[in-house]
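The two complexes that follow have chain A in common; it is paired with chain B in the first and with chain C in the second.
Here is the complex of A and B:
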């Protein structure tokens, strides 16, 4: 079982790869909409990628009100 | 389809549709690549009537209000029909609102009943104002087996074998109370009658008919005015089928087109642009020769569809494109917010007409729609049958406030006679939008007279409602405006919120203040965020009771800072 820190780190790495930004530019408390310049549909694309990686299923509504990597990691961790 | 002139209420029209089209499939619910359920009209009736009976036994009486808070799914429609069957009034609430906002609107609407999804109910139970909730009966869908539901009951268990008593409603009776927004400040509950909906349905299906065999892809939640009409009432009274997709993820939307051979779909600009982006990326991957060939075929299609769409021809000229959309797609509907003409044209040139329109909750659903005779990407179409549209006090260019009169215009705002009197004047609905009718009767929009924005996701946002997030900011005063309200002709595509800051004497906009602005802005959902700030160097004009005179301030700003791009500093 992954630790919360591991989950967070993997999310940051996957987001960096998916949106083609250097990993070091992303921090856990960053607002991913602003930092990555993405809209809510692109955030859902990221969610699909994370689901495939972590082998969990997250309904779209799990993203509601979430805009930073740390909270996203908490939501995923809760389903691991 | 049913002859809706013969009906006095939606419940009766739906009841007859369930009998008349009994063996047709009316509802499919899909989640990603799984199909959760598939119901014929007869099976839909079997699912809804035991619930209707249970609601009646639980005390739902004629005219009682029942709120629904659910994502896009089949239980929304089953619940709605059950409520209409027993004479109830539906209060469709946006599931994306916060729990505090849900509680506020449940209180404002005085809903006695609530049907809600488990994850949303959990949030409502945890909200500070929950103990004051007056709603008497709560039915929760999809709750895990051992979940603590408080006083609520499980939707799945709310069934009674007794025959429910059908309650007939009249045309002037309230069918739904729909909140057009304004949740942070003054709730605007549009009271829409059965007449409003029946007439809207007649008017829309006159131009865009449904029939048995048509499959409508629904990705918007049914609380959305467009989906309520085009993804529920319209298809049902015509014997067509609604396919609910419980995710907005682009890859599954694309898959649903082919899997279900979709005929129509409604979407908001954000989703349409995403589809455009996906297609353009695919085109860019093609080898140069194939891309040139595709461009040639698109040019041929454009030439042959200049006057009106020709689906048969377009499907033959561009089979791969139409195949990717399932091969049966006739049109996409887009509304709720401004759509860039270039995107509309892109799809039209592929032989996929996008019927863009203009509407507002207060007017039912749609007021104008593109009729493709010919396609006019630069407009929001012509008034639908039964809609009278006029421009008030037009300026030299013919631009003025758009006013609408029709049998689809709401009865009033719930418990707000003052706002109603300001909004419906001599039978005309004052839309607050600035527009012009051209010589061919097409409506063009230029901005808003009202201080509000409509997001790409189709949500109305009133700047006044989100000012409380910035309360206590270290500045002398501040005020939030919709950018297009300050600079009405800067183009609807640039709709966003701006915060106007008046600093203290000698105060500079420090990094600390800027960081505070950014940090508070982040507390808002992404679609409600302020895009930039404007520094203003005079005190705000105020009334005797010290309220900001927003209209006066807006006029001063527009006059003294006429260039939006140089006045607004991005946040």
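Here is the complex of A and C:
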């Protein structure tokens, strides 16, 4: 099973790749809406990519109020 | 001239074309194929043409040309702006008229003798999901998401979503989608039987075309008889849905919910 740190790192790498932001510019506590420059439709795209990557189902209401990578990783880790 | 208009039309919100026995209806109203007056007007034009197209075709594919997805559903901004200045009774009357028009369109697609395929990707929400549900098959790329977010606004889906979803799926998953308002990814949608083919990113239209080419080999009369037998239109429930929607629409909570959505300047209006 993945560690929390591995999950977080994979999220950061996936976000960097798909939203074309250099990986080194993303930090765990960054606001991903701001840092990736995404709106809610693109956030849903990120959610779908994460669900497909980790093979989990993450109801979108669990993302309510979540805007940083670390908390997002915690939510996913709880479903692994 | 008339035949040319029927076989091909480039509208503002959608276009259609008849090619080798397959009608392709492409949605392209920015930003995410919201279904408001413009889309409805053009869907009605399409339905007018469909009667002629049905004699020349065997399949209909509905897809989106926009990267955001198939459709984000009803145009909530238009609904809010148009209904806000009206007295409550008139507001309710206008909504009912809109719903009756969209139901006529969706019932025609649902009952069409053509075999119908929704090729979906990205956001397939609310009214967009309801449009997909009129089709015989849903082919989804793995980035598609399905959702009925209406309860967040104090409403139920109004374009026939619940009766059609109930027709296709078990009541448990219908309640889950409706009562939680959560979105399902394409993988889950395929697992519960909503999606007939799950395909790679960007592949839904190609696979829909290949599927249409295959089913066009079958005898049309047999295909029509099979569809009629297996796919009843839940007309009574569809009528009741309009009544319930209009009753709920008159509640003050709905105006407040719409106002919140329209005035939401954060990046999150499509999230719960």
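Here is the rule we use: the second predicted complex is superposed on the first by the 80 of 80 C-alpha atoms of A that agree within 3 Å, B and C clash if a C-alpha of one lies under 4 Å from a C-alpha of the other, contacts with A are read in each partner's own complex, and residues count from 1 in each chain.
Here is the rule we use: a contact is a pair of C-beta atoms (placed from the backbone, for glycine too) under 8 Å apart; a residue touches a chain by one contact, two chains touch by 3 or more.
Here the structure is a predicted model, which means the values were calculated and not measured.
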Which superposed partner A:40 touches (first chain B, second chain C, both, neither): both
Touched partner set for A:61, first chain B, second chain C, both or neither: both
First (chain B), second (chain C), both or neither touched by A:9: neither
First (chain B), second (chain C), both or neither touched by A:52: second
Chain B versus chain C as contact partner of A:74, first or second or both or neither: neither
On chain A, positions contacted by chain B and by chain C: 33, 39-41, 44-45, 47-48, 59-61, 64
Of all residues in chain B, those that touch chain A in their complex: 71, 95-96, 98, 119, 246-251, 270-271, 274, 456-457, 522, 525-527
Residue ranges of chain A touching chain B (in the complex, touch as defined): 31, 33-34, 39-41, 44-45, 47-48, 59-61, 64-65, 67
Complex contact set, residues of chain C against chain A: 32, 68-69, 72, 122-123, 142-145, 147, 180-183, 185-188, 267-272
Chain A - residues contacting chain C, complex: 33, 38-41, 43-45, 47-49, 51-52, 57, 59-61, 63-64
